[in-house]
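Order as written gives the chain letters A, B, C, D and E; numbering starts at 1 within each chain.
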Amino acid sequence: MLSIKGLNQFYGGSHTLWDIDMDIPTGSRTCLMGRNGMGKTTLLRCVMGLVSASSGSIQFGSDDDAARLDLRKLSADARASHGIGYVPQGREIFSQLSVEENLRMGLIAKRERPADALERVYTQFPVLKQMLRRRGGDLSGGQQQQLAIGRALLLQPRLLILDEPCEGIQPNIVHEIGDLLIRLNAETGLTVLIVEQKLPFARRVASDFRILDKGRAVAAGPIADLSDEMVRHHLTV
Amino acid sequence: MIGGRFLGQNRRSAAPRLDLSHNIILYLEGISVSFDGFKALNDLNLYIEAGELRCIIGPNGAGKTTMMDVITGKTRPDTGSAWFGQTVDLLSLSEPEIATAGIGRKFQKPTIFPNHTTFENLELAMAGDKAVWKVLFARISSEQADRIDSVLRTIGLSDKRNVLAGSLSHGQKQWLEIGMLLMQSPELLLVDEPVAGMTPQETERTAELLVSLSGTHSVVVVEHDMAFVRSIARTVTVLHQGSVLAEGSMDQVQNDPKVIEVYLGD
Amino acid sequence: ADTIKVGVLHSLSGTMAISETTLKDTVLMMIDEQNKKGGLLGKKLEPVVVDPASNWPLFAEKARELLAKDKVDVTFGCWTSVSRKSVLPVFEELNGLLFYPVQYEGEESSKNVFYTGAAPNQQAIPAVDYLMNDVKVKRWVLAGTDYVYPRTTNKILEAYLKSKGVKAEDIMINYTPFGHSDWQSIVSDIKKFGSAGKKTAVVSTINGDANVPFYKELGNQKISAEDIPVVAFSVGEEELAGLDTKPLVGHLAAWNYFMSIDKPVNKSAIGSWHQFIKNNKRTFNDPMEATVIGFNLWVKAVEKAKTTDVAKVSDAIIGLETPNLTGGTAKMLPNHHLTKPVFIGEIREDGQLDVVWQTKGEVAGDAWSDFLPGSKDIEADWVTLKCGNYNTKTKKCSGQNF
Amino acid sequence: MIVRKLLLSDRGSQLFFAVLLATTVLVPLLNAVVPDGSMLHLPNYSVALIGKYMTYALMAISVDLIWGYCGILSLGHTAFFALGGYAMGMYLMRQIGTRGVYGDPVLPDFMVFLNWKELPWFWQGMDHFGFAMLMVVVAPGLLAWLFGWFAFRSRVTGVYLSIITQALTYALLLAFFRNEMGFGGNNGLTDFKDLLGFDLQAQHTRIGLFLATAIALALSYAACRYIIGSRLGRVVEAVRDAESRTRFIGYKVENVKLWLWTFSAVIAGIAGALYVPQVGIINPGEFAPINSIEVVVWVAVGGRGTLYGAALGALLVNYAKTYFTAALPEVWLYALGALFVGVTLFLPQGIVGLITKLARNRTTS
Amino acid sequence: MLLTLSASGIAYPSFAQDAGTEAVSVADAPADAALSFDAALSALPEASYSDKESLLQQIAVSGHPQAGAVIRALLDGRLLATADGAIVIAAVDTDAATADTAAAPTLSVAATGAAAPAAPADSLKKIGTNNRLRKTLKGLVAQLSLADPDAAVRLAAVKEMVRTLDDTTVAALRAHRDTEADAKVQAAIDTGLALADLSSSDADTRLAAVQHVADDIGAEVYNGLLPLTQQNDDGSFAEPDARVRSAAAIALRHIESRRKLYGGVETLFFGLSLGSVLVLAAIGLAITFGVMGVINMAHGELIMLGAYTAYVMQQLMPQQIAMATMLSIPAAFVVSGLMGVAIERGIVRFLYGRPLETLLATFGLSLVLQQLVRSIFSPLNRSVQTPAFMSGSLTINDALSLTYNRLYIVVFMFIVFAALLALLKRTSLGLKVRAVSQNRAMARAMGVRTEWVDAATFGLGSGIAGVAGVALSQLTNVGPNLGQAYIIDSFMVVVFGGVGSLWGTLISGMSLGVVNKLLEPYAGAVMAKILVLVFLIMFIQKRPRGLFPQKGRAAEG
């Protein structure tokens, strides 16, 4: 689905991502891990086109797809239209838009808009339905997080990117989000790329893992292979 | 030890003095807040003891952050009263006065000064007289510099000492904000979701830090990470729809069916 | 120097560009013509054009630059009184020579300035006389923009009207800010004031930009010239060209010159102007005539003095005469003002003005008004008294800067 | 990175003082000592011009202090400039004494011919230099303090604050235009003769004024620099970037803003007071909102948030104006407009930004 | 038919003042009327104004069947001299040619009324009039019009005569009263006659007259009644009869109170119309600044471009002013809109996230645009004509009339406002615009083509500014300074209303307009403006984010 080769990125003068090679198989649920400040968010923003990489390639599409896209040639909005949904770290809700308008933003990139799309989001996140008229910015942190996920789902993405989606969400809903991701992945073949710090959740939801350390891709494999040794080496301080 | 605190009474004459004679540092009584008719806090009552470490949990939107807003003067309640110790009426003070009186806060969404270095962020937060004239002629003493350095070590940002805070990662910003809280050396710390976006090990370190602070300080922590809460909690308060749903030890709360239904799930 | 330098100090940008740009072109035309005639004292005239940009301190800066850096021999410039006030100390300090071509409030006579526009007694008073005697106006609205020229003019007029027995309740005075654009209430008030059964007229010292919306409102509220005529001191052909004049037909303006005046000398001046500006539709107006007269007088004075030296030219120019463009003669008086005929014109549909009344001959410009208590004892005379502000009571020459 | 910024800005300050000192020494020398006709002679006219530019630089510094560092975009700062100017103008007016055209010993000319009978109360005492100079500081300072006290207490921020500052200066503009206000209406105050007994047109007076301006500029710059370098400076910047956060760590943001704002207004007032005797007129046009916008433009062109940049911007834009209005009188607005657009697009940090960038490239390469 | 004229030639007879006017009645027309008519007519083109005056008297008293037509034509500016000296009447005013008339007007021979051969418009010379002449002509026409078959014309004629009552007009009115069939005209005549009766020597007649006119609020009635209540210098009453006096006093009070009422309505209308102008000028800015956050100092110049578009359109279609003006609305939208798109693509798009710098760049741009207009159109104001349907005023009664141009502009403003509101609220563009302005990066990540949205929005705001310019061209100067005159007000309106709120802009513009107009009568125009500014400053202290603030946690943070 996503294949990253030799990716380098700089913030001004500081080299943040170093020669990243990474493959996200179609239909996988890959968890991207790493300590704070290792470049996880930066990598996702590169994929989304919100920061620009200085070198390397990012290919998007199934492995055998003849029409694989060179994402670096596309603008962020085009990437969204091609089916990449994004739940950013820090929620990035449109604070002055109502909850409903925030959700409708998820429908913009799509030509065909299933009539029940909104309803499905409401069943997944009932809170949102109660607060349709409220400004997005007024929601509590966890409510905003749910809104951000609902908004990304409305885009009907082929690849869903989530940057620490459970941050600030109450435990039972965290659980439901996990279930939801697994279910969507099973039912629609949605590929999921998720950044998550909490190991139990990662182990439950992810099928694969990738680890970033100091801006380099240092480990990869099926989640079952994520050993305590690796965790100690790369994820503890 | 806490009682001894009111011996040093002439700390600052202008600021209202903290009186902990009943060993309660924070009283919230009958607090209600509504936004366009929606009741975010509904007749909330909460008492925090001096030196206590209190965890507050509750569903998203229960009103936890709003409660902190009320305590720090950001939001004015429609009804109710809020007292800091016996004598300080929080509702009559402005935000800086509340901060000066001894309440520090870490925000849910990390907010730091992006165009200042990490060091300067801590310097700004440092306790001391913050009147315009004082600040104009203030100099950092070597003692203060040491203090900042030690906090930098505590929050693991020593190597980012001279980096603009705006370019820190999310987790680093969380730590910086905790550091600013430490620099303020408040009597009461309000900590809103400190471990969101932190790795398990960092979460542990945060837990240790907060536990070590309690006793000499009073700490109120809001968090959704149950493992974290379990590791630090003595008393847990559960908020739901703007009022207290349950309160007790972690075990009591964890097995409360109401709490399981609205919050924990099974 | 092998050329004679002529400074041109008119705003080419900013709010006053609308009026002053034309005067810059007029000076350039005069220089051009003079050069075609072989120049002056055997030298070519060389214009030095600067743009003070409707900014008063910049006027002073540019004046200093013209005099000290470019060393001009004479300057034609300024429109607003404040711009003149701003450059005045500079001209006096550096002993320059300024020709000021716009009607103004008077109360000034500088050694270094020649005032070729009208003083109040050459415009306002005759216009009021006309309205009083010929139109039998009994009630007066004095409407003006809130600044010194209207204030002074209205003070003079008020005193004059009262001296003629007009009661205070029959005078309405109204001031508006610069660029005032919403005239609804004021026009409506004028209408009410004028419906008291006595013949009413408006004497307008409304300035520049505020006039278009004022007249549009008059037209829309159907105040016709037959009912309540408006006589304006700042609205001429050029302002009218920017207006849909149909609703204004019959309203009045008082000037010392009208483009429509049918005299050969006027025809030929307009012809040269059209040729120079390469546009047959361009208007010619009073301040332009004043510029032309000022220029011609200066040329004559230089020829007479055989030098461009400021002191000598200033001495030589007094008493000189030159034909004005309306068939009469302009003579430079010892008080640095001119003799001028006064015309009252009615606005025609084509934006020109028809003369309906005129003074018998030329009126001598009076620097110091006889109708202001503070100034009636003051006299300007640069020949015998050698003073612009001579108090005939105290016999003192006050306010000289040299 | 921030260290580099500080270093560079300190070098900027050093450069600023060096240039200022050189100007202060050279200008009087070249003007008064070097004989007329010499290549090196500086004409009086240039002295006046440079003096005027320096008052503009002072004004730019005052705007940069609150805009660049505290984030308060004042679109009405020339109100303070003009008030300082009027205070000075009133003093100069009273110095005329009986030398006015009407010879009235007390009343300025414009009051005589508009029939004023006595001096209005607010003109009292303005014939004393000391009192007038006090008013130069007090009038703008008091207005700023009152305005700021209300506005900052009510937490008016951002464009709302900018627009009411504009409303303030606009209202003053209209008020001062009114002849009844007693400030000479549109014509303002002119025809000044002398200051402290020195003839304003005399060369040594000019040089004196020039030196006074240079000193005021140096002192103000140093004061601003000190503030910015102090912890208060960091608080001020914190207020700019995250106002409410600053409150939660215990700073009274209102007070911080109020003091800085008032201080800035006082500098503007001093600039105005020095400006008036050098240009010879003060009129309500100085209150025009467009003037305030222009000052902001100078600051932006020079480089916002670097005091010397603001001064440089003021100098450069005004020199461009002087130059273009004479060299290209018909089309200079194109040149000036294009300059503004170009600077914004290509020099996001203003000219100072460009210079620092060049300097950095030099050191790194 | 009895035709009486005021032949004195004194331009301003007034019933109240002088009775010295001579009266000439058409009934006494001399026998050689036809002869004098022809002679007078042919002398007209070359005559001076004072000669014309007496020639007209001759024509009027001639009793010639064409006399009325000639007088009317002269008053309307339709009396023309052809190149060969013949005098003709044009069917319509040659200048005010409206949409469907061709260049050459239909002509008829003045002396006979027969059709005249067409002649090119530029070969015809208009016979001029001046004030005094027009005054005389109006009087003549009024009297002639008493016989007009159209009741409305007769009514207007009667009103005109009542305004200038004297012995002759009174006689004419009295004579016409019996033959008049229309009730309204009858009433107007009765009012006139009653006014005449006010100076009757018989107290009962005067009392009846006062009672008759008591319900009328016209200025003539007021002015007629006023002397009845006044005292002479010696303290005696001008009106000896106490009954008449008190009746007059009551009537006057009545008139005054009704005038006050209508005066209030009028002030309100003035305020609303000023408000509409402010809203129109500001509403484009409410989008570019309020919604997009671009401090567009060139907004005024975009308005100016719209006004110049109106001018150019009128130049392109000089014969169809009304049509040209209507068409200039879409044209100005396009012109200013395209300019807006160019500004956005060329400058503003590099500055998102640096809002204050848009101020600098657009300020430079405004200087350039002003100078550009000076170069192209000259620094002088351009004359934009008012289409016939927008000139004049809607007379509601004697004390209240509303000018059409203002009425149309109020209506137009509401149309523009409603259209804009619908566009932003009902289409997805509105949603995208707001999303982009709040979080550009995230909007892009949601698939919004931000470049396109930015250009379209800025173009929309600019286009609306252009449309406002067309409206302003009907009210004020069309010149290079037009934009400068409105930029400050526009920013104030947007900010006062609350940045980002269209409704706020509407309410704020309207209230500033009304407040200004309410203050003006008491404080004068200058002080009113100052007070409005002070009010604005104080108001912002009370509501630091305007009338309709953006609310919520995010806005406060």
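Annotations
Heads up, the rule we're going with is that a contact is a pair of C-beta atoms (placed from the backbone, for glycine too) under 8 Å apart; a residue touches a chain by one contact, two chains touch by 3 or more.
These are the chains along with the protein names UniProt gives them: A, B = Urea transport system ATP-binding protein; D, E = Urea transport system permease protein.
For clarity, every value in this text was computed on a predicted model and none was experimentally measured.
More contacting C-beta pairs link the chains of C-D than the other of the two pairs A-B and C-D. Relative to the centroid of all protein Cα atoms, the closest per-chain Cα centroid is that of D.
Chain B and chain D have Cα centroids separated by 45 Å. In whole angstrom, the spacing between the mean C-alpha positions of chain A and chain C is 75. In terms of their C-alpha centroids, the spacing between chain A and chain E amounts to 63 Å.
In terms of their C-alpha centroids, the spacing between chain B and chain E amounts to 66 Å. The set of chain B residues that touch two or more partner chains comprises 74.
Shown for chain E are the residues that touch two or more other chains, namely 370-371, 484, 526, 529, 556. In chain A, the residues that reach two or more other chains under the touch definition are 138. Looking at the complex, you find that chain E touches chain C at residues 11-12, 14, 16, 49, 77, 95-96, 126, 128, 130-131, 134-135, 138, 219-220, 223, 266-267, 270, 273-274, 277, 370-371, 374, 378-386, 391-393, 401, 403-406, 474-481, 484-485, 516-517, 520-521, 524-526, 529. Listed in rising order, the residues of chain A touching chain B in the complex are 11, 14, 35-38, 41, 89-90, 127, 134, 138-143, 145-146, 164, 167-176, 197-199, 235-237. If you check the complex, the residues on chain B that touch chain D are 72, 74, 94-96, 99-100, 104-105, 107, 111-117, 120, 123-125, 130-132, 135-138, 140, 162-164, 180, 184. Interface residues of chain E, counted against chain D in their complex, comprise 295, 297, 347, 350-351, 354, 356-361, 363-368, 370-372, 375, 484, 488, 491-492, 495-496, 499, 526-527, 529-530, 533-534, 536-537, 540-542, 544-546, 556-557. For chain C in complex with chain D, the touching residues are 12-13, 49-53, 55-58, 60-62, 64-65, 68-69, 80-82, 85-86, 88-90, 93, 107-108, 146-148, 151-152, 155, 175, 177-178, 372-375, 378, 388-389, 391, 394, 396, 398-401.
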